[in-house]
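Before anything else, here is the set of structures, which you'll find just below.
Below, chain A partners chain B and then partners chain C, in two separate complexes.
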Partner chain A sequence: MKNTYYILQRELYAYFASPIAYVIMGFFLAFSGVLFSGYLSPTSDANTVMRQWFSVSGFVMLFIGALLPTRLIAEEQRTGTLELLFTSPVRDWEVVLGKFLATVALFLLLVVLTFYYLVALIVLGGQFDWGPILTGYVGLILLCSVFFAIGLMASAFTQSQAVAAVISIILSLFLWIAGPLFVRQSEDNWWANTLNFLSLQPHIDSFSKGVFDLRDIVFYLSIITLFLVITTQVLKVRRAD
Partner chain B sequence: MNRAVLRQIGSWAGFLIVPLLIAGAIYFVTYGKFDLPLIIDLLILAVAAILYASTNPLTLRNQLGTQILGSSLSAIVVCIAAVGIIVLVNILMQRVTVRTDLTTTQQFSVSNATIEVLKKLKEPVKVTVFYTSDPNSGGDSARLQIEDRLKEYTSRTDKLNVTYIDANTDPAKVRQYNITALPTTVFEQSKQREMVTSSDEQEFTRAILRVQSNIQRRVFFITGHNERPIQLGSNGDSLSQAVQALKDNNYLVDTLNLFNFSTSGTITNTTNPNEAITLNPATDVLVFGAPRGPINETEKQKALTFLKQGGKALFLEDPLASMSTVPVERRDNVNDLLKEWNLKFSAGIAIEQDPQRRSSSNPTIFLTQASGSSGVLRNLPDIPIVIAQATQVENTPSSSGSDTGTFTPLLQTSVNSYLKTDIQNIGQSFDQSKDVRGPITIAASFEIATPITGTQNLNTRLVLVSNYLFASDQPNVGLDPASGSGNYFFFLNTINWLSESSDSVVIAPRQTNSHPFAINQGQGSFLFWSTFLGLPALVLFVGITVWWRRR
Partner chain C sequence: MIDVEKLTKYYGQRAAVRDVSFHVAKGEILGLLGPNGAGKTTTMRMLTGYLPATSGDAVVAGYNVADNPMEVRRRLGYLPETVPLYTDMTVRAYLDFTAKLRGVPGKGRKSRVEEVMELCRISEVKNKVIAKISRGYRQRVGLAQAIVHNPQVIILDEPTVGLDPRQIIEIRQVIRDLAGGHSLILSTHILPEVSTLCDRVVIINRGRVLVDKTLAELEQQGAGNERLRLEIRGPAQQVQIFLASQPGILQIEQASADNAESDVDMLAREPRELNRFMVEAAPGIDLREQLAKAIIGQGWGLLEMRTAAPSLEEIFVRLINTDEAAELEDEEADELTDEDEELDEPEEEDTLNFAKPAPSFLQKAAGEELDEPAPTKKLEKKDNKK
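Take a look at the complex of A and B:
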């Protein structure tokens, strides 16, 4: 795990040393700010505003989540530093986990910045039911972690960041809307049920409502694990190549 | 045919291997059968594989020997294994319900009462949700609320079979069910059908209870003696919340004028004079809602006839209406009716001196905790029942030695209380010569067996509560569950016990946890600019600073 920690540190440093992280964070905050203030009305309810914000900010994060991790492996392949990493005494899964956690850590900072919304609403007289706020943030972090895992996998497949971003966005979008897009509500067969279950969107609902459902938590953790395992295996094949 | 052509054909056959493998897998997963199409698919697959291997032996040998192929195969196996494990874990998780509703009001949880109802379901209940997918009608959000609610229910039982029907795509079904509003949820079991047009838990559970039972339990509020109105009144003494609570909990509620009640037990329906209905002592409950006028002898006999057949009644008293100073035409004489069973409401108002058992500002407002084994008190939540200006409920055993029934105190004041019999001088202290020392029984139930008539062996059941205010719309001392008292549950438990449906459940309406606050235009603008520009600008400023220093 020490190697994972070193890689996490290195990637975090790389994020903050390059302008890309700041631009992406600024982009997300601007978008998120528009959405947040769009839900305010002359007689707002703080809980309702935040619930609506949680529901849609996940979709905005789909694009940010696809862009943030694409440089992680693709860039190393392009510049040739991946070869160095392969020759160092680091396991593939340590590389993948370190890079993934670095992106999650960066996102946590972004999440902390959005606490400004809570402070602003409290100052204006809003009263919070803190349970749904907690679950909303946990849900958002889990959902975005899925996008990061997909982005990381896409990044492992190609040397081009642009191609990785496209693959990542397409895959994330598919997982986001697979059920609602391809399945009619009244359809009840294994194919419809599987697609509905695989959709990321329905699983975020319980979090934004204020409900911790172990099934949804396990679902997100499963998807994250799956994509991280695939990424590790892709790196293994690249090492052999 | 020369060797090059053969090798080319073998290569083409090799290209077929993976598609055939995928097609076979999809077919098997879809239909779950190992039949002719799958056998043909596997045969072609085998022929293609043999053809490829026999015509391209060198290529095959070279590929199998490379490290990249070995790594790729190993990676594929690991990925397939990971998918398998993850699928298995998620399938197993679907069988486990571990949910925590962190909202303060438990907004997204079903009550224990509903869980009990669902556990007791023996036969499957068919649930059909009719909705509209038209986004302009706002149907989507309503359907989602219903879906959310039904998910809570289906996670507790496998006896609910839920189907969703889009009214736009299946109008024939809509006509078949005679659906008039969307969304509508239809609950069905055998020939019983209940329709619900909201996503409310009370409504859903009530519908499930109704489809299971062929019996319609009814509560009749007696009228004709200036009783408290069942429609919402302006001065808080109405019983509209009690009526709503009954309707929400599976009861049919109506008014009944004893004068129209014939001796055969048939009355004219007050809401539809052309329709006669028959009171059923087994399932119908009469409520005497604090009359302010005398019940005449004829009415009394009619009520006694019903009650002696095993009928049930709830007597809600207003101690101030039975005072001797009240003119006779406005005086309550319920005690004349209760005399039949040696029961009575005493004259007076109870005074509580224990600060833990009363309101801090008023010694006539009692915070009582129900205790005892009476069926009325079963499953009551552990919260105080608030009774204001109550008097004593008494039972004087008969000396004749015949069955005098079972009198069970339900609510009592403390030993530090007393009954002030002189209501005119209620401010004066305890008078040993006239007043009665506590504990004072302020609510009681009474049950007595009736002679066997026909096939039914029913008990007459009465509940006497010495002030009607606990079931009224009065703020703080009334029925409203939002006030935090247990009055709502006590009232419904009482009716459930009376109607001999003690298995019925009490579901309090869910309180909303909304705290709207006003935002003026200036504050709104500040929030917009600070979130849209302020925060991103701050982040970009930090980025530029880092870049400048590194430069």
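Take a look at the complex of A and C:
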């Protein structure tokens, strides 16, 4: 576990040593800020504004969030530093987990920076029901973590960050809307239910309504674990030949 | 300290390493030698646990690599062929990170990193970002990360590749300083490196061990007859006949007749031939004095005479060539006995791989000694006789 922390430390260092962290954070804040101000209107209450903001932020992160973790493994495969990690007394999963958590940590920092929306709403005289705000943030973090796990997996497949980012976006997009896209509302058979269940989007709804549904949390965590395990296995297989 | 037993690695149908066995004692420096593509890197990667072996056993520092990879890695320092550097970090931060990963305890870590930077002579760049330092420094930073946790076993994959002569000398010095407390495996295709650094040599070709000997043994093996290199101005045929008549001489070989007569000679219209000979005498007989007198007595010009001890290069090339010839025979035999297997043999790739590197590193490593084609020519003959 200590090793995971060392890897996390190094990846955070790397994020801020290159312009990537600043560019992506800046872009996200600018873009989501514009959307936020768009949702502001004299008639809407504070919670509605934030709810709309949460749902669109997740979608924005699907695209730009893919650029964060895809560098992590692809780049190391290209430069050969993965050989350093995998000949050190560090387990494969510790490397993968460390890299994943570094990205999540970076995103948490980004989330903290968005708290000024809340401050702005209070200053403007908004009244908050804090429950949905809290669950909304938790949902956003879980959702983006899924994107990061997918990005990391894509990164393990290739040496090129660009290729990894494309794979990551396509896969995330598919998972995001597979259910709503392919299944009509009224349909009720096994494959429609499965597809709906596997889609990321339906699971986010309860969070934005202020409900902590354990099933949704378990769902997100399972998906994340699944992708991280695949990442570890891909690395193992790619190394062997 | 390192025990390798029948280590084998297949990539698909192709065997990159076949039944490689060797042993490295504590404090010993082993040179792993071979042409490009011989399987050196694959062997080393299996020792580090980076690549799983198809079969066979490797025990490093008392632990089996397959069963206890973490214990092995804790006791092992490895410098891959491409130096694994995070170019966005400073030298010090990078070494601190690698020290943490290798489990150097927090208390002595800082001083250990300083110590290693001192040892590898990189202290003057410790606060520079790795992307900004020169290749020579990078290579030494790579070496520093391999030894930062004071491992019992150090594996270096071509540590001097791509460095200039001064840097090579510096890095060799560092490696020599390391020996003693550590067991070291060093792969290279630069032969002088082996003679200056290593106690023992394992030569690998086509994924198999050809030779496993101490340096002295290897040189002795190549020694054989005394050989003299002569450059004589005089009519070739007569000189040769004369030489053959001298007592003690076993064999005479005329090297390429030097047709590049100087302009002065052309003007004088005097056919003065410049001839090179390689003369072999029985071991232990020094013919030089007697031969020099005799040649001059004949009125010919003796321009050069020197003993030609077979260099490591010659021994190496001979070994590889013999192995290559054996491979051809093998393949012919395979064709006769088993037609299916012949399909699996990637023979074209093999010959391409091995035909080329030999001359190239001859030129690189041996320089002037090898611009005369005579010795190789002769070696080939000898091989065929065998």
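Keep this in mind: the second predicted complex is superposed on the first by the 241 of 241 C-alpha atoms of A that agree within 3 Å, B and C clash if a C-alpha of one lies under 4 Å from a C-alpha of the other, contacts with A are read in each partner's own complex, and residues count from 1 in each chain.
Keep in mind that, in the parts below, a residue touches a chain if its C-beta (ideal position, glycine included) is under 8 Å from a C-beta of that chain, and two chains touch if they have at least 3 such contacts.
The model shown is predicted, which means the values in this text are computed figures rather than measured ones.
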**Request:** Could you tell me whether chain B and chain C fit or clash when both sit on chain A in the superposition?
**Result:** fit
**Message:** With both complexes overlaid on chain A, does A:V90 touch chain B (first), chain C (second), both or neither?
**Reply:** second
**Request:** Name the contact category of A:T79: first (chain B only), second (chain C only), both, or neither.
**Result:** second
**Message:** Please compute the chain B to chain A to chain C angle from C-alpha centroids in the superposed arrangement, rounded to the nearest 10 degrees.
**Reply:** 160
**Request:** Specify the partner with more touching residues on chain A, choosing between chain B and chain C.
**Result:** B
**Prompt:** After superposition on the shared chain, which partner residues are touched by A:Y6: those of chain B (first), chain C (second), both, or neither?
**Reply:** second
**Message:** With both complexes superposed on chain A, which partner does A:A240 reach: first (chain B), second (chain C), both or neither?
**Reply:** both
**Prompt:** After superposition on the shared chain, which partner residues are touched by A:A17: those of chain B (first), chain C (second), both, or neither?
**Reply:** both
**Message:** Just to confirm the value: shortest Cα separation between chain B and chain C in the superposed three-chain model, in whole Å.
**Reply:** 5
**Request:** Report, in rising order, the residues of chain A that make contact with chain B in one complex and with chain C in the other.
**Result:** 17, 239-241
**Request:** Would you mind writing out the residues of chain A in touch with chain C in their complex?
**Result:** 3, 6, 9-10, 13-14, 17-18, 79-91, 239-241
**In the complex with chain B, residue positions of chain A that touch it** = 16-17, 19, 21-23, 25-27, 29-30, 32-34, 36-37, 40-48, 113, 116-117, 120, 124-127, 129-132, 134-135, 184-186, 188, 190-191, 197, 205-206, 209-215, 218-219, 222-223, 225-226, 229-230, 233-234, 236-237, 239-241
**Prompt:** Given the complex with chain A, which residues does chain B contribute to the contact?
**Reply:** 29-30, 67-68, 70-72, 74-76, 78-79, 82-83, 86, 89-90, 93-94, 96, 98-104, 107-109, 131, 133, 143, 148, 163-166, 169-170, 513-520, 523-524, 527-528, 530-537, 539-540, 542-544, 546-547, 550
**Prompt:** Where on chain C is chain A touching in the complex?
**Reply:** 11-12, 45, 48-52, 70-71, 73-74, 76, 78, 80, 82-89, 93, 97-98, 100-103, 145
